[in-house]
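Chain IDs A, B, C and D follow the sequence of writing; residue 1 opens each chain.
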Amino acid sequence: MTQKAAAATKKPVRPDLDAELNNLAMSKEAQPLFDAVKAHIAENVAPITEEFFKLGEGRKDRWSWAPGQLELLEGAKNKAKASGLWNFFLPHSEIGRGLTNLDYAYIAAELGKYALASESLNCSAPDTGNMEVLEKVGTPEQKEKWLKPLLNGEIRSAYAMTEPGVASSDAKNITTRAELVGNEWVINGEKYYISGAGDPRCKIMIVMVKTSPDASPQFQQSQILVPMGTPGLEILGPMTVFGHDHAPRGHMHLKFNNCRVPAENILLGEGRGFEISQVRLGPGRIHHCMRSIGAAEKALDLMVKRGSTRTAFGKQLIQLGKNLELVSRARIEIEAMRLMVLKAAKAMDVLGHREARVWISMVKAMVPEKACLIIDQAMQIHGATGISQWSPLSEMYVNQRHLRFADGPDEVHHMVVGRAEISRH
Amino acid sequence: MTQKAAAATKKPVRPDLDAELNNLAMSKEAQPLFDAVKAHIAENVAPITEEFFKLGEGRKDRWSWAPGQLELLEGAKNKAKASGLWNFFLPHSEIGRGLTNLDYAYIAAELGKYALASESLNCSAPDTGNMEVLEKVGTPEQKEKWLKPLLNGEIRSAYAMTEPGVASSDAKNITTRAELVGNEWVINGEKYYISGAGDPRCKIMIVMVKTSPDASPQFQQSQILVPMGTPGLEILGPMTVFGHDHAPRGHMHLKFNNCRVPAENILLGEGRGFEISQVRLGPGRIHHCMRSIGAAEKALDLMVKRGSTRTAFGKQLIQLGKNLELVSRARIEIEAMRLMVLKAAKAMDVLGHREARVWISMVKAMVPEKACLIIDQAMQIHGATGISQWSPLSEMYVNQRHLRFADGPDEVHHMVVGRAEISRH
Amino acid sequence: MTQKAAAATKKPVRPDLDAELNNLAMSKEAQPLFDAVKAHIAENVAPITEEFFKLGEGRKDRWSWAPGQLELLEGAKNKAKASGLWNFFLPHSEIGRGLTNLDYAYIAAELGKYALASESLNCSAPDTGNMEVLEKVGTPEQKEKWLKPLLNGEIRSAYAMTEPGVASSDAKNITTRAELVGNEWVINGEKYYISGAGDPRCKIMIVMVKTSPDASPQFQQSQILVPMGTPGLEILGPMTVFGHDHAPRGHMHLKFNNCRVPAENILLGEGRGFEISQVRLGPGRIHHCMRSIGAAEKALDLMVKRGSTRTAFGKQLIQLGKNLELVSRARIEIEAMRLMVLKAAKAMDVLGHREARVWISMVKAMVPEKACLIIDQAMQIHGATGISQWSPLSEMYVNQRHLRFADGPDEVHHMVVGRAEISRH
Amino acid sequence: MTQKAAAATKKPVRPDLDAELNNLAMSKEAQPLFDAVKAHIAENVAPITEEFFKLGEGRKDRWSWAPGQLELLEGAKNKAKASGLWNFFLPHSEIGRGLTNLDYAYIAAELGKYALASESLNCSAPDTGNMEVLEKVGTPEQKEKWLKPLLNGEIRSAYAMTEPGVASSDAKNITTRAELVGNEWVINGEKYYISGAGDPRCKIMIVMVKTSPDASPQFQQSQILVPMGTPGLEILGPMTVFGHDHAPRGHMHLKFNNCRVPAENILLGEGRGFEISQVRLGPGRIHHCMRSIGAAEKALDLMVKRGSTRTAFGKQLIQLGKNLELVSRARIEIEAMRLMVLKAAKAMDVLGHREARVWISMVKAMVPEKACLIIDQAMQIHGATGISQWSPLSEMYVNQRHLRFADGPDEVHHMVVGRAEISRH
């Protein structure tokens, strides 16, 4: 590992670690940025959101952006950049704002409230993870070619890990093969559910491949840069999520058929694929979880509103049967989830990525599952409207259900937590 | 209530009622029909199913049948009719086969295995319920005009109950108004999630309306026949279920805007809407529940298959963590559900509809909820494929989730069961 | 296996197996016995129950019966014997009544309603299982010495399987060692939770021991007869269940310290311990499960009664919050459990013990867990009274909680069911 | 309300409230006290605990302390008092240490680890609540007579709220009647589950009574001081918890039969019973919840230990089936509970008792229920030993199960949380 990468995952020595870990308050230093982000969203993002999505509706060519859409988005991006609200996701970094993961978590909760907020600030997945990786382990040439335009918001990127043919929840199962032939990597295999790979602006992809089948299992995989449009890289089509294709970003099904990239496209070095994954743990998962909590909060809100304005059997729905207790349980679980995610973010700040990885797994296993349940209960109180196009609930459910697989299924995270518990004894 | 309707819901006097209720075996008399239905499905339905749906894919005009689709279906219908496998859903009836609900339940389980099986035998919802109602309470003229073509499979029908503006889980909330002006009913209001109303073959609809706002709450509603295409009846568009519109049948959103139908279109009489609902309890719910069990069974099957053919962390997925216990719990719940639905069907046979209504509510509250859970677990073991277009699981989930609202939400059925329990004390 | 034992577990060839399996009605032939048992309980058992337990209260010598207790019980036994209501538990047997397991299940539900009912008819565990084993695999001498007095109700017996030092849920873990020295088995080891071994009338015990450590794992264990009072067999004391010792029957902790019994005390032969366990599957588990359902039914009854007679926040408790839905869910689960246990009993009749073993595991894994949940909910609605001496609920809970370990923990039964499911594919 | 009482429950005006609320770290000021308490427990409490309970075993006179028991306890108390570790539970008070609720929560977690720790520091319930009430609303005479000896640890006290005849979860149901006759209150009624009232050292009891049946429902109740031994106050006997009587402290059943106390024994004034309950919210519930978390933590510890040292089917138990996932889920829920209780304590500090009451209800509804579940799972992995006298688990379960009623059943707390949620809209 480079020294930089090592530093990011090293456990700092702190005398009063426990006390520090339990201080989950936003820092005073982050408050101005937090306020500026909220103001930016209110002024530059909220007003364009409805128009943006309206422009995209009912298009014949689902896999491009409609005229006008990107202009709206670029307008918001330019305003953000002009205000210095840009790329602050990079934690503890000279490029970013040196924001702690905890402070970022508070901001992420705000970003989650509007679909375009993250991208307007160049803080959206999977670019954030990709930029973090490039910044930490990229060569100067890789940084010049891919990190720079990503940091400028000129292009977008994808991350290709999951494969259709194996249980890729166990990353050691990855079979997409890259062989060094001359000074090129020749790649063969399939990947699917590659989010964002349908976006015409997506220009580069980090791909997890097997380069070293004879090494020990932890050192067989590598990560490699594959530009979109490379010959031999075929987009077979979009994968759907409960029937939704999320065009034009999409979750694409890709085929590598003797796809060739230069030898220097490998990241960090052959067999170091899992080492890079450690680096990648950063703000992405915190961001996801804070959005999930935001979704649960919104579902609870809709549940109370609907339940308070409809009447059956002589009572408000919300007062019927178990509904009020469901409201209480949802509130309790939401507050518990929020504290847990803040603590996981703080653990990343205080303990380093490696030590905090159990905390990350705890919240990743906890949050989307509970969010699904709360959204499901909100749907039930809405009657058929809850699963219709008139309510955001079914789409919210589908997104959260998807998250129970993405970035590792619940079961793998429970395995991490369970094993850590046992190893403490 | 007419004498016939009364007979159908009367509790028979039986000396050995309990023993009878627990005999859940198919009758010897039904065996030949059961075998004939299975043979018909294998010979006439299974072979056309894939082609039927393929013809319907990717059409620009989503709200019509593709050329050739109906021809395929009519072919299967004609063969069924020629073999006398037609309209046997009508229980205890001179038109049907006098089939008991229990025997019908066994057949329904077979029908549920192929999407076109029910319709090929003229046994599909909501036509079955509508034909049953017309047969029991219709006037000779109503029977001639609507029951006859329905029995012949020449037209299809819809049933309009749910409204977007109120919690129609409490049927007393129904607000669609029908007023007698001269010798016409003038109808105003909105209905939604009216399944099948998008089908161009749908010609008639039974609509629950409020005719008598000054009567006591149980006698304010009526049911009325409204032909599709009646002026003032507007189809506003399809409602979606988790984004699916199920075209061309659809779940339609309808508006009645001074829609006029002849006075004689009322069924049974003014204020007798709830009385008719009692009649309607028949095979529909049993059919639904048997299909749900079929879906759960299929999900378990897929779960075991996927789990046995994929490997992670050195083991078959099915052997990892809680998966094997989930398989066991799914098997146990499926067997329990099946026995419960058979018993509910038997209760309808032995006790009459009125007494059996608690059994019907028990299975309606029990089955779709448990089926959802089993399907959800099957999705989880599939990884992302489980929610993709490559697996039927997400569509199965969506259908079962929909059923937790349709024909009364779970909560209303639990209320029926809970109250019955209390009243026994 | 002896021919007799083989016959009991053979799968019969039946043409209409499925139909037969779903006929869960009591046979006409069993009705008179069923009626006679109910009459006996009403006349001879119910009247003595309160006095019997009152006599036993507050005794200094907790490990004997109080004067008068056994006289009461013997009175009831004599009346039963005189009426021919005796030992009818033995299924398909010349000694018993040839009662099917299904018919016995209906009777067991009645027996479960009074604590002394089973014993008054010589039909109580573990004697039933022990008598069944002796009858099927015992030598003439073993039958004469132990089966005869058991059949006459003169002595009682115990069954010693579980060990404190190992996870005996996996029976292959059993470590209590029996070595043949001369013509004696010398036994060393510990057993615990040996129910009934504290009863002064308990004279004989069937003990699972390891005789053949060098055989393959399925053939290392044997079952052996050990008379109580044999030198070297020490009762270390009672084990408690949530603090209860259930004196004077007790769940005893035993130590074998060079305890010697004659070579001929072995059952069926060396290494055939697991084979005997197959025989033992019989009515015991059905009986247990029917009692659990009876307990759940009683809990639901108490829940409704308490909830209907207490008021808070202006309403009956039963009408508050989720309570009515809990009542509904309890009713649904109870009916589902009942049908499942009846079907498991029928499977034993129709398929034989071996095939039915998955059904037995299904109900054993299903019933006590759900019964615990229902009893727990009934406790909650009672407030503090629910866990006090004024209510039977906490003792009912403790008994059901114990059952989730006894005769195999839930997890082992789920493993059996899960594996059977997988092997069907 | 007195000014003092009002101050304790007033919501302070704070500019940075949210940030403050999320700082859950122990204060630097509390650290020395925290360390001193830990040292005291290690030196003075841990060494006497086993002997203390051994002395109390198997006594004929269960309702007194054994010779030597109190001497041991008084020794620890004297050492604590000498070190100034005494009465620090009183928050924000001149008598106590001005400890915040948050800091107290951290200490309470330590106190919960040894059964005698709290009392050794004069910080045990219900004395803490009673002292807090007396300190805040007592007259100088009441303080002199009862608060002083309580603060000195010379006597103990009880709090009598729950009644056997009504659903006292709704405190307005309280029926124990106190009527002013001359200058005496004449009390009639029954109370039960009065914890600690069996202790011979218990000298005073605060009793919730109905004094003003004609006032509006919120103002009918009063709280009144009743010395133990007052004529007309009869101890009918102990109530049990799953069969345990917890002698000699006990949960007593009391009868007031024309029991007379002086008029000045009323607290704060007639009809102000509920107002006093607001005061009483203090450290008691936080203490309870931290102990529950400690119990869950211990159960998880036992679960992992047992599961790692026993083997079945060729694997450690902890690696079998769902066990590892249960470990993970338990760890996640424990961490979430801990953060929630710390936040509730902080809310009391920052928002005042009134505003924090929803937070208190959240943790009271959340913690004992989840603790029960975790303990239950730990029992299951232990096999029969888990419910035996060899494991603390069944007693831990019983205590946590009791807590789901004590200080308000879960349902009432969910009602508080649910209503607060609705009122925010």
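By our rule, a contact is a pair of C-beta atoms (placed from the backbone, for glycine too) under 8 Å apart; a residue touches a chain by one contact, two chains touch by 3 or more.
According to UniProt, the chain labels map to these proteins: A, B, C, D = Acyl-CoA dehydrogenase family protein.
Just so it is clear, the structure is predicted and the values come from calculations on it, not from any experiment.
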| item | value |
| --- | --- |
| Mutual neighbours - chains that touch chain A and chain B alike | C, D |
| Chain of greatest Cα-centre distance to chain C | A |
| Distance from chain D to chain B - Cα centre to Cα centre, in angstrom | 54 |
| Geometric centre distance via CA averages, chain D-chain C, whole Å | 41 |
| Distance between chain centroids, defined by C-alpha means - chain B, chain C (Å) | 43 |
| Shared-contact residues (touching 2 or more other chains) in chain B | 321-322, 324-325, 411, 414-415 |
| Of all residues in chain D, those that touch chain B in their complex | 321-322, 324-325 |
| Residues of chain B touching chain C in the complex | 19-26, 300-301, 304-305, 308, 318, 324-325, 327-329, 331-332, 335-337, 339-340, 342-343, 362, 365-366, 411, 413-419, 421-422, 425 |
| Contact set on chain C toward chain D in their complex | 162, 164, 166-170, 173, 192-193, 239-244, 310-313, 317, 320-322, 379-380, 383-390, 394-395, 397-398, 401-402, 404-406, 409-411, 414-415 |
